[in-house]
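There are structures below to look over.
Each of the next two complexes has chain A plus one more chain, namely chain B in the first and chain C in the second.
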Partner chain A sequence: MRAVLKMVAWRAAFAAPLLVIVTIGMFALAQASPFDPVRQYLGERALVTSPEVAESIRQNWGLDRPVLEQYATWFGNLVSGDLGESRSLHRPVVEIIGDRLGWTLLATGSALVLMFAGSLAVGTLAAWRRGSWLDRAITGGAFANEAAPVFWLGLLAIWIFAVQLDWLPAGGLTDPAAVAIDPADVFTHMILPVTVLAVSQSSWLILYVRESVIGVLREDFVIGARARGLRERTVLVRHALRSALLPFLTLLGARMPELVTGAILVETVFSWPGVAAASVQAALAVDFPLLAALTLLGTAAVLAGNLLADIAYTVADPRVRTLGVS
Partner chain B sequence: MPVRFAAGTLALLALAVLLVPAVVQLDQSLVDLRAAGQPPSLAHPLGTDEVGRDVLLRSIYGLRVSFLVGLVAALVSMVIGGLMGLAAGSLGGLPDRLLMRVVDGFNALPHLLFGIFIVALFAPSAAAVVVSVGVTHWTTAARIVRSEVLSLRSRPFVEAAISAGATRTRVVRRHLLPHLLPHLMLATVLMVPHAIWHETALSFLGLGLPPHLASLGNMINDGQRSLLTGDWWSSLVPGLFILVPTLAVSVLAQHWRDRRSPRWRSELEL
Partner chain C sequence: MTKLLQKSATLCAALALAGAACSAPQLPTGPRDDTFVLGLSSEFDNLSPVLGFSPDGGSLIFDGLMSRSPDLTLRPALAAEPPAVSEDGLTVTFTLKEGLKFHDGKPLTSQDVEYTYEALLDPANNSTIRSDYSAIKDVAAPDPLTVVFRLGHPYAPLVQRTTLGIVPKGTLEKTRPVGSGPYRFVSWTPGDRIVLEANQSYWGGAPAISRLVLAFAPDDNVRATRVRAGDFDATVLPPKAAAGLRGQPGMTVYDVPSADYRAIMYPMTRPVTGDPAIRRALGLALDRQAMVDTILAGAGVPAYGPISPDTRWYEPEVAGATDPAAAGRLLDEAGWTMGPDGVRARNGTEARFTLMYPAGDSLRKELALAAASDAKKIGLLVEPAGLDWDTIEARLGQDAAVMGFGSPYDPDYVNYELFHSDFKGRGFLNPGRYDNPEADRLLEQGRASGDQAERERAYAGFQKVIRNDEVFSYLVFLKHVYVVRGEYDGIVPGVDGHDHATGGLFAGIHTWKPAA
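So, the complex of A and B:
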């Protein structure tokens, strides 16, 4: 337990300054940007608005203040939970995130579970039948999958399962005609995006599981288990897979940025109403408050993922737990 | 066999990218509605898109643009990473620890999200894409160069040069850089497909190259509308032009790595 607490403290000591630096970086970039929010707010009216009115809007928004003061105000608001108002959707950013975060967590969470279970099964299978056509098909497929852009994979899935076979809807959260959110309807809409996200993230995991199970299968305790006459499945799952799994918990944490990237593209392709797709909409509309909040959220998600992976590792590996080595 | 096949495919694509634009000119703004949405045929081997543009020709042009943007972005990230790694490795001590924390920090950022952020604020363009990929991807090169410099620093020939009174710049230029270049070049080659991926992803989201320009991401983005009416070629074909070269590069890199470290290879073959 103390090891876990120490880990949390150590991670937090790194995460907090990093998030502050990210806010500074984002603010500096926005300052350097040639983009003028007042002009954007006025739109076509900018041509007929007198400079005095534009200037008063500028003053009203505090844009005439010194840069440091502007940053301090913005940062203070962020810390107190006021993320500002979205310039494109004209709603508080907190509300938008609140509406959408659940859908993103649902989709990416399901994708993670599917990726986990699927890659373990497929990777172990390839290791067990090493050198066979099945192994070659799996490794070859994993390399090809790694090279395929996730948005292309999404479109391929839409073309096969929504257009050609007409089994599943091509996108959205519910049927366009639906008036209420029906769990069964949401589930059918979830299948394609969740599967595509899981598949696109799974290549490295399949290859990793394959390689480490191959390595473990040569270890003495596995040979011993075989010699004792244990069933092949018991040897494979209880002995080989279990000890091959440990290091990959940390790797899973290191893959968090990729997961965020995948979520952005998959949500966009399938018009999934999550926060990741909202970041693209915010970028297209140059909506700084929303985009900044979502970028910060993405970074926080990566840091939280790293932390969870570390905790899981500490809990799973008795050597780390008792000796405090990591 | 797969290695030769990968090399052959890359050579073929390189030839197409170099020769085709010299022979057939592509009118970027051409629209021919009479030829719109045609499936693959003899006149258009990979079909035409929703406004009648030839998919094969545009894919080749798109690959050329993506490759150029990807190459420049990879070089930018290698230069930044190389300098950072060199500084961290040769200065050591506090600067080294600080720079490595910076590397950790950049690794914790979701790259595409920061790319989107940078591109959004500086108007979508090739330059914005290059900058957004360059400033988020230098950490790999920095790590490679740093660890290499650390191991080189304690070698006798470097110590001999230092004790003979060579200046810091001379040691770096004459003794470190020649050893670092091969590593940096391999890292660049591996970074190019990734940078191409970033360019196409940003273009696909409408945040990359100008929309009329034939780029692979733009083509996939344009094609996704007509995908629902059964036109698979205008969006899925350009994707193959990303997938195939990326796969070929990774096969070659794998082969090269196996050859360089035979111990690892023999362990895998056991």
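So, the complex of A and C:
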């Protein structure tokens, strides 16, 4: 337990400067953006608005100040807990994130669970039937899937399941004429985005599990277990899969960034009203307060994912527990 | 990063297309007789009139002091009668109806009106429409039913501006508005829909359509498919996307004229475009009817000036015809002689200029290409260039551009800022640096005069001056195409402005009644 606490402390100490560096990078990119936030804010009115009015908006936002001063002001507000107001959505950033984070967590969380369960089953199956046509199909499919861009997969899924077969809705959170949020309605709208996100992220996991289980199946203790006359299923699940899973926990943390970018594309493609879709909108409108908060959130998600993976590893592997991780 | 975003945006459009097709057959399950779904092309930035939400009426949620009929005449809404304007035109006094209430039951008084306008004029609130109201010096509410506007200079169009929705005092609510209009706000799912409910105690009578869903679908094909499938009860479409819906049983297509024009803006200080002969010749060479027929699929009319022929301000003398031969003669007389390469020149200056258009706007692109091909026939070399708005703004003084403006409400709108020399080269205002004291005088007269006949004379004169100088070469007025499913009484097409979200045909939806 002490090892875990020590690790959490270390990571937190590293996270703080890292987040600051991310905000600086983000700020520099926003400054270099060719889009003018005031024009985006004015929209079509930009053509008939007098330059004095545009200038006063610029001043109110502090965009006429030196870059360093703008950053200092923003950072000061951030530290005091004020994320500011979104320029494109005209609402406090905290409120927007509060509204949308739940939908993102629901979709991404479900996708994670589905990805785990599915990949473990499929990967183990491939390892168990190594060399068979089933294994070849799974391995080949996984490679093809890894090469396919997420949005393409999303389009394909929409074309098949929504356009051709007409089984599932193509996007959105609820039916267009619905006036309230009905869980059953949301569930049917969730199936495609969640499955696409899960499938798109699952290739590496399937291949990894397969490889790892194959390796473990050659180990002495598996041969020993078989020699003791244990059932094949017990050998496979209780012995081989269990020990093959260990290193995979660390891999999971390293894969967090891809899950975050995958969520952005999937939410955009399926018009899912989550935070990831909002970040695309914020970027296009040069809505810095919202974009900054969402980028920080993404960074925090990656850091937290890594940390959780390492904690799980520590808990799962007694060797790490005693020797420590550093 | 930008590239990635662009990619995903394109992707979405493609997707949305597919999406519409698929969501079509799964029709709503519940009873939907009372729910009317409007498919809109763009989502509102916010729902606060103070910040610029639907200032010309048609917000459905709010009432202004005055409201606009489809025939563009103003009638009192929150005001009991048309305002009293003082002799010098500097004081405008409104009296409110008695017993007005907001949706939350609180009384609507002159204090709320005062607050709305003061909040709008406060620079700290970053209102996008503040410059439209700059004539107002201050607003006072001497008693609960009286509102007095004091102006910095006589400004006849002020009454037209009072269609602005009135908000309750002390609230700058941007997303959960409380108004006094025919519909009350229920919910807004950003990126998806806004739900409104009929205000049963509306002073103008409760709407027959009791629940209204404003669903946002930016892709034109998506809206076309969804209205065809019955997902949407009404929508607005570009002419080409609406073509397949004409004559379908149970559907009515409305072609509504608008004051929304596209025109070629010329930089007046450059050697080529600064020569009136070049501008007039190109104006003669342009085949506007062909642009309407092919580019707009018939949903438009040729344009020769900034005022729509469908409004009463239009001067009938501002008309024209395509005559390339006359254009050629005009150029010959002005000394632009045809060179061996088919491009005219004068004293070593080639008759060529760049015509900019915003790269993402396919309509303006097609118009620019058509204009360039018409110009080529008379020996002018026009080079279209698709650019982003920031680049276009920076080059407005040097290069011509395809611009779009136009408002049907008052001829002062936009035109003052576009053609008065005070606004020369200030951003998109008077972009070509046009400077004609006669135009200035007529614009000032039209703005200040309180006499309708005098205003009409001023704007008739103004239209002729602009036409004679060919400051812009006007190309087309667009028509907005609406599709409505089912039979309704009370749909009255008017003349649209540039904005047509719920400002056009749908502005009167509270008076629609299902046909018996």
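The rule is simple: the second predicted complex is superposed on the first by the 288 of 326 C-alpha atoms of A that agree within 3 Å, B and C clash if a C-alpha of one lies under 4 Å from a C-alpha of the other, contacts with A are read in each partner's own complex, and residues count from 1 in each chain.
As a working rule, a contact is a pair of C-beta atoms (placed from the backbone, for glycine too) under 8 Å apart; a residue touches a chain by one contact, two chains touch by 3 or more.
Since the structure is predicted, the reported quantities are computational estimates derived from the model, not experimental observations.
Peer 1: With the two complexes superposed on chain A, say which partner A:37 touches: chain B (first), chain C (second), both, or neither.
Peer 2: Once the two structures are laid over each other on A, A:37 reaches no partner at all.
Peer 1: Using the superposition on chain A described above, determine whether A:289 touches chain B (first), chain C (second), both, or neither.
Peer 2: It touches nothing on chain B or chain C.
Peer 1: What is the contact status of A:299 with respect to chain B (first) and chain C (second): first, second, both, or neither?
Peer 2: The first partner, chain B, only.
Peer 1: Scan A:123 for contacts with chain B and chain C and give back first, second, both or neither.
Peer 2: A:123 sits against neither chain B nor chain C.
Peer 1: After superposition on the shared chain, which partner residues are touched by A:148: those of chain B (first), chain C (second), both, or neither?
Peer 2: first
Peer 1: Looking at the overlay, does A:29 come into contact with chain B only (first), chain C only (second), both, or neither?
Peer 2: A:29 sits against chain B and chain C alike.
Peer 1: Mind working out whether A:21 is in touch with chain B, chain C, both or neither, as first, second, both or neither?
Peer 2: The answer is first: A:21 touches chain B but not chain C.
Peer 1: A:253 in the overlay: touching chain B, chain C, both, or neither? Say first, second, both or neither.
Peer 2: neither
Peer 1: With both complexes overlaid on chain A, does A:159 touch chain B (first), chain C (second), both or neither?
Peer 2: both
Peer 1: Need the overlap of the two footprints on chain A, from chain B and from chain C, as residue ranges.
Peer 2: 29, 33-35, 151, 155, 158-159, 162-163, 170, 265, 268-269, 280, 283-284
Peer 1: Considering only the defined contacts, which chain B positions touch chain A in the complex?
Peer 2: Going through chain B, the ones touching chain A are 101, 104-105, 107-114, 116-123, 193, 197, 200-201, 204-207, 220, 223-224, 227-228, 230, 232, 235-236, 239, 242-244, 246-247, 250-251, 268, 270.
Peer 1: Would you mind writing out the residues of chain C in touch with chain A in their complex?
Peer 2: Residues 1-2, 5, 8-9, 11-12, 14-16, 18-23, 25-26, 28-30, 32, 35, 37, 45-46, 48, 51-52, 123-124, 126, 128-132, 134, 174-175, 186-187, 189-193, 195, 211, 213, 215, 226, 231-232, 388-390, 403-405, 414, 417, 423, 426-429, 498-499 of chain C touch chain A in their complex.
Peer 1: Once bound in the complex, which stretches of chain A touch chain B?
Peer 2: For this pair, the touching residues of chain A are 14, 18, 21-22, 26, 29-30, 32-35, 143-144, 146-149, 151-152, 155-156, 158-159, 162-164, 170, 211, 214, 218, 254, 256-257, 260-261, 264-265, 268-269, 279-280, 282-284, 286, 288, 291-292, 294-295, 298-299, 301-303, 306.
Peer 1: Name, in rising order, each residue of chain A that touches chain C in their complex.
Peer 2: The contact residues of chain A facing chain C are 29, 33-36, 39, 41-54, 56-57, 60-61, 88-91, 96, 99, 151, 154-155, 158-159, 161-163, 166, 169-179, 265, 268-269, 271, 273, 277, 280-281, 283-284.
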